[in-house]
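Pasting a structure below so you can have a look.
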Amino acid sequence: MSREQRSLEWTPLLFSGGLAFLLFTLFIATMFGEPPMRAGAMIQQAGGVELGAANLVTAVVLGYRGLDTLGELAILFASATAVGLVLSTQNGESDKQASVFPDKIFLGEIFESASRLLMPLLLLLGFYIIIHGHLTPGGGFQGGVILAIALFLPALARSGEIPLNHATIRLVEGGAGTLFILIGLMALMQGESFLQPLLQPGEIGALFSAGSLPLLYLAVGLKVGAELAALLVHLSGESA
Amino acid sequence: MVESIESWIALLLVGVMLSAALVALLSRSHLVAVVSVSVLSLGLTLLFVLLKAPDVAMTEGVVGAGLSSLILALALSRLGLLRSTKAGATDE
Amino acid sequence: MHAENLALLVALPLLTAFLLQPLSQKFAVGWLAPLTVLVTLLLTLQLGAGVMEQPISSVMGGFVVPMGINFYLDGLAWLFLIALQLSLLLLWPRGEQGQSVRVQVLMLLLTASSIGLLLSGDLFNLYVFYELLAVATFGLVAAGESRATAIISFRYLLLSGVGSVLALTGIALLYSHAGTLNLGHLAELVASGELVLPLSAFLLMLLGFGVKAELFAVNGWVPEVYATLSPRLSALLAGVVSKLALIVIVRLLVLLFPTPEASQVLLLLGVLGVLSGELAAWRAQDLRRMLAYSSMGQLGVIFIAFSLSVEAGLLVGIMLSLHHLLVKPGLFLLTEQRFQGWSMVLFILFALSLVGVPPLPGFWAKFALLTGLVSAGGWINSTALVVFLFATVVEASYLFRVVQHYHQERERHQERGRAAVSVVGQDNSGVWISTLFATGLLLTAWQIQPISDYLQQLAVQAGDRQQLSAIVVGVTEGRP
Amino acid sequence: MIGLLADLFLLLGGLFLFLGALGLIRMPDVYNRIQAGTKAVTLGTLALLLGVGLHQPTWWPKLLVLAILILVTNPVGSSTLARAFLRSGIEPWKKGGQDG
Amino acid sequence: MMEMVLYAGAVGLLVIGIAGLVLSHHLFRQVLALVIAEAGANLLLLLAGYRFGGEAPIWSEGSFPSVMVDPVPQAMVLTAIVIGVGIQALAIALLIRVRQQTGTLDREQAVIEMREALDQELGRFSTAPKPRSQYAPKGERPLYPVVEEGQDAR
Amino acid sequence: MIRFTTLWVLWMLLTGSLQWSELLTGTVIAALITGLSQRLVDSGSQSDLIFTPRSLLSLLRYLRVFALALIQANLDMARRVLSPSLPIDPAVVEVETTLQSTLGKLVLANSITLTPGTLTVDLQQNRLLVHWIDTAVLAGDQQGEAALQLATREIAAGFEQHLKGFLR
């Protein structure tokens, strides 16, 4: 007992000291001034022509570093799965009292009817942001989060009632991820590389431009929306 | 002139963010801590706008200030941390 | 079969993982996940045919290298890919835990991320795969049966979170100096002297990626996690997955930071790891935590090995890693049930090899380290040598304490005229898999000469920066 | 001319927001603070949007959508907050009462 | 001046976050500290590609800006933010479970509970079939739990 | 159908362009969301709105009244906040409404919140709970039914009369 407590006091001190040293060296090593832009400059020159995306960040996220995005989707997926695993294996007894929405914290009729009004609006906004991700700031992640919040709103208003059943969420989860990989694999089948952009880049600035990037972003948006909706549903105390 | 205004805004935002971080870790009420983290995210969002990263700013705004705060608020209520504010630490 | 199919190794497990949950509502899909791993194993075998002569590189999306992400398969990566996928197939969770679709999904994500970690040639991409590996592991730890899974998984998450924040900081620092994150491109810049990277970037990334490699100072999670995971998963994590993070660190060291300072940091942390790990193992009071602590110590030895000069270090480090990869899973599998006669034989075999008794491969690996340290000279290396020898003695003492204890227990049972064990209805598969690992160990002992020649070749290739950048650049220039 | 008008609206918006903030400080209890906050923030933001719209005429459709969103969400949020406070037993301030 | 301020802000957030993570005694605060540290790391990563006087990397009025900030770190920060929120959600879920399993959110208390649970349970995984004797002294346990009930190991 | 049209118009506002690709995408997405939200939110909001030529007129009239009230509210609030004596006398009163639809009640509640001196706190069936910042009009001692009538007249009636033109 006493040994444990002492070791608990001891490690933080050691760690903080090491950390302070590390950050000190970090600050010494930090470069002030213009960072070299080796990869970035190449992308700046090639990006617009190669991919036809008006938003270069989108070109990087879905084109040049598409694999990172796939990995990130997988992380969200892993996180949602793990949360489901952690919170669905409950002992039962504490399950009921753990729900966030006992009836008395019902948020009121005003909120409920407003949430009904807002949900389609937010869905629209989410889709707008996803679909115009290659033209303007925003894209799959941001729009996906908005989709998730839109789907969660009715749950918040109506005592934890979930508008989508879990099967649907799972279907979208799996389907969107599959879509992303399949778009990537299609290029591979044609003898190109994995995740190589398909279709023509088109005219910069038009909605139907940048080849397959909008499709990829749609997949990303749906996936993010579904994962986060699942996460929120789990965290708010609905058992799967 | 424009440069210096941006510098001052950056200074202000960084100040707000650092103090929000300190409040988040030192305040006694968990609710105040969660709110401070949201404030921190908001400051970061504005800073990203200042740094010419609209995409990142949007993400940080939606994810950090929105979703993450929602998750933390759910956690507060689910973990029963709203009531456990110690006596004397009222935030009114 | 063209090199672009490298991407399939990551894409296929991910695809199956995404599909598994929707499919599981209609069909029984228990076989689908291991089948995917089998497919990727076959694919790996096919891709790796000529890899010893000519490593292959594939660019995701077909973009020129510093812009896009590339996968790079050389002999080292190939060897560990095979080891990884074989271990996954052997140690795939079965029984009650394996029934859960979610566990299957997490295992698939673990597979994909491990493969990605071996193949990826881009630092940030490595970070992403590393995080995926971490999240999948948290889920698997939390799925355990113990009463303490949640807090253990949570502490692991926090430590790992600090690690990834540090790694991200290191990557940011590196990017602000270099403007690129591709390992091949960076290696080229560093080799030509155009770029000098700050050591603190290495330190930060070392601590970040070191969490999974059981590096000292960030290995607090090891005993707790291995004690609650099922023996199979412990075997998997301790055996293979820790080596993957190790290889990432080694690549960083060899390609980007070929300075004596970086090696010395590694040596220092390795020595501390050996001391703390072995002493804790000596004091441990149950078998699983003892094995976990000793794993920390042995990883420390491997870090010491890699801190030697590039060629020798790589060779000895790879030898020790492979040895640990065979022995540790075998040992963890034996804890699945109580010892019987046969499992005791296996335990003694593994223990002998671990300590380094001559005909077994452990001896050769340790001997190589010994000669390496002696020939390197200097007081630091001498200290490491002393610590290493001391650790071997400690190791021997606690391993044989287990044997002795077992022996006493059996005698007491026999005095009372009862069978030492009754294993009716128990699943013996753990022991059989362990036997397979032991067979591998013995085969290695038998074929030690060709294997060490092969490893020599491998080490030379892994240390060859010119070849790496030539191939990465070579692939890119042929493309639009 | 239009630029000047736009600046005027921006300034007006800022003024209303400032008044709202002042109200937050001066009002005695949470309900009155919400009262002050909601109205000032709504109108202030609308004025800001109008100002921006005059500066950038091509943006007005988007700004219109924003205005609708603000008009819906702002009062609803205030009502929900006020309701939550009332439900959790916080008494409104009375003129005669001594409680601050 | 601006860059000094920004770098100091990022490093400051990192330090506050990590120090808070190490020093705080409440598990929920540790999650918050991790969020703060992540924010600092993200800011630092973004700064790695910032060019003073650069424009956002977006096509406007017929061309890309001639001097623009590096889009690559922006894309990476985007990824890092989303990864961060996934991990945060998982941490919260684990906390909910921790509270169910151990009934506490205090760090020291939870660790003690964990060690006790581990000490009790590890007999199950060991070579002997029965849990260890209740008579065995707590401090010096045998390597394996005792074989038969009521019978001492040595 | 109404929801579809509304969403489609909103999409057009968001994009602010008339390219055929935008129009097409907007149609698809508006249809999708209409279908989705129809299934998810089972409200009979189809009948909330009244469509006659006169309803458009009353909508416009309502908007005018509302805008004036909003500005007046701010001036009123500014006066109260800036005057040193803080002239407020708040109380919570109940208000009755004859509007039937959820949308109608929502709009009414929002209007009340945004207009001088009042804040909707809660809504139950046809009663609104309103926080009123200056209850001097109530002349102090009025209770029960009389107060309800008075408050309804003072607070809600002005909007209701116009709202009834286009909402149920």
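Chains: A, B, C, D, E and F, in written order; residue numbering restarts at 1 for each.
The working rule: a contact is a pair of C-beta atoms (placed from the backbone, for glycine too) under 8 Å apart; a residue touches a chain by one contact, two chains touch by 3 or more.
Since this is a predicted model, take the numbers as computed values, not measurements.
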Common touching chains of chain F and chain B: A
Chain F reached from chain D - shortest hop count over touching chains: 1
Chain of greatest Cα-centre distance to chain E: F
Centre distance in Å when chain D and chain E are each reduced to the mean of their C-alpha atoms: 39
Length of the line joining the C-alpha centres of chain C and chain D, rounded to whole Å: 57
Centre-to-centre distance between chain E and chain C (centres being mean Cα positions), rounded to whole Å: 22
Chain A-chain F separation of Cα centroids, rounded to whole Å: 35
Set of chain A residues in contact with two or more other chains: 11, 15, 26, 30, 35, 37, 39-40, 43, 55, 57, 64-65, 68, 71-72, 75, 78-79, 82, 86, 98, 108, 110, 114, 117, 121, 137, 141, 231, 235
Two or more partner chains touched - positions in chain F: 10, 14-15, 106, 109, 120, 122-123
Overlap residues in chain E, where contacts from two or more other chains coincide: 14, 17-18, 42, 47-50, 56, 58, 68, 70, 72, 74, 76, 78-79, 81-83, 86-87, 89-90, 92, 94-97, 100, 111
Touching pairs - complete list by chain label: A-B, A-C, A-D, A-E, A-F, B-E, C-E, D-F
Parts of chain B lying in touch with chain E, wherever the complex brings them together: 3, 6-7, 10-11, 13-14, 17-18, 21-22, 24-25, 30, 33-34, 37, 40-41, 44, 47-48, 51-56, 59-60, 63-64, 67-68, 71-72, 74-75, 78-81
Chain C residues touching chain A - in the complex, by the definition given at the top: 2, 4-5, 7-8, 10-11, 14-15, 17-23, 25, 58-64, 66-69, 100, 102-103, 105-106, 109, 112-113, 116, 120, 124-125, 128-129, 131-132, 135-136, 138-139, 142-143, 150, 153, 166, 169, 173, 175-182, 185, 198-201, 203-204, 207, 217, 220
Parts of chain E lying in touch with chain C, wherever the complex brings them together: 14, 17-18, 21, 27, 30, 34, 37-38, 40-42, 44-45, 47-49, 70, 72-73, 76, 79-80, 83, 86-87, 90-91, 94-95, 97-98, 100-102, 110-111, 113-114, 117-118, 121-123, 125-129, 141-144, 147
Partner chain F, residues of chain D touching it in the complex: 16, 19-20, 22-23, 26-29, 31-32, 34-36, 38-40, 42-43, 46, 58-59, 61-62, 64-65, 68, 71-72, 74-76, 78-79, 82-83, 86, 92-95
Chain D contact footprint on chain A (complex, rising order): 104-105, 107-108, 110-111, 114, 117-118, 121
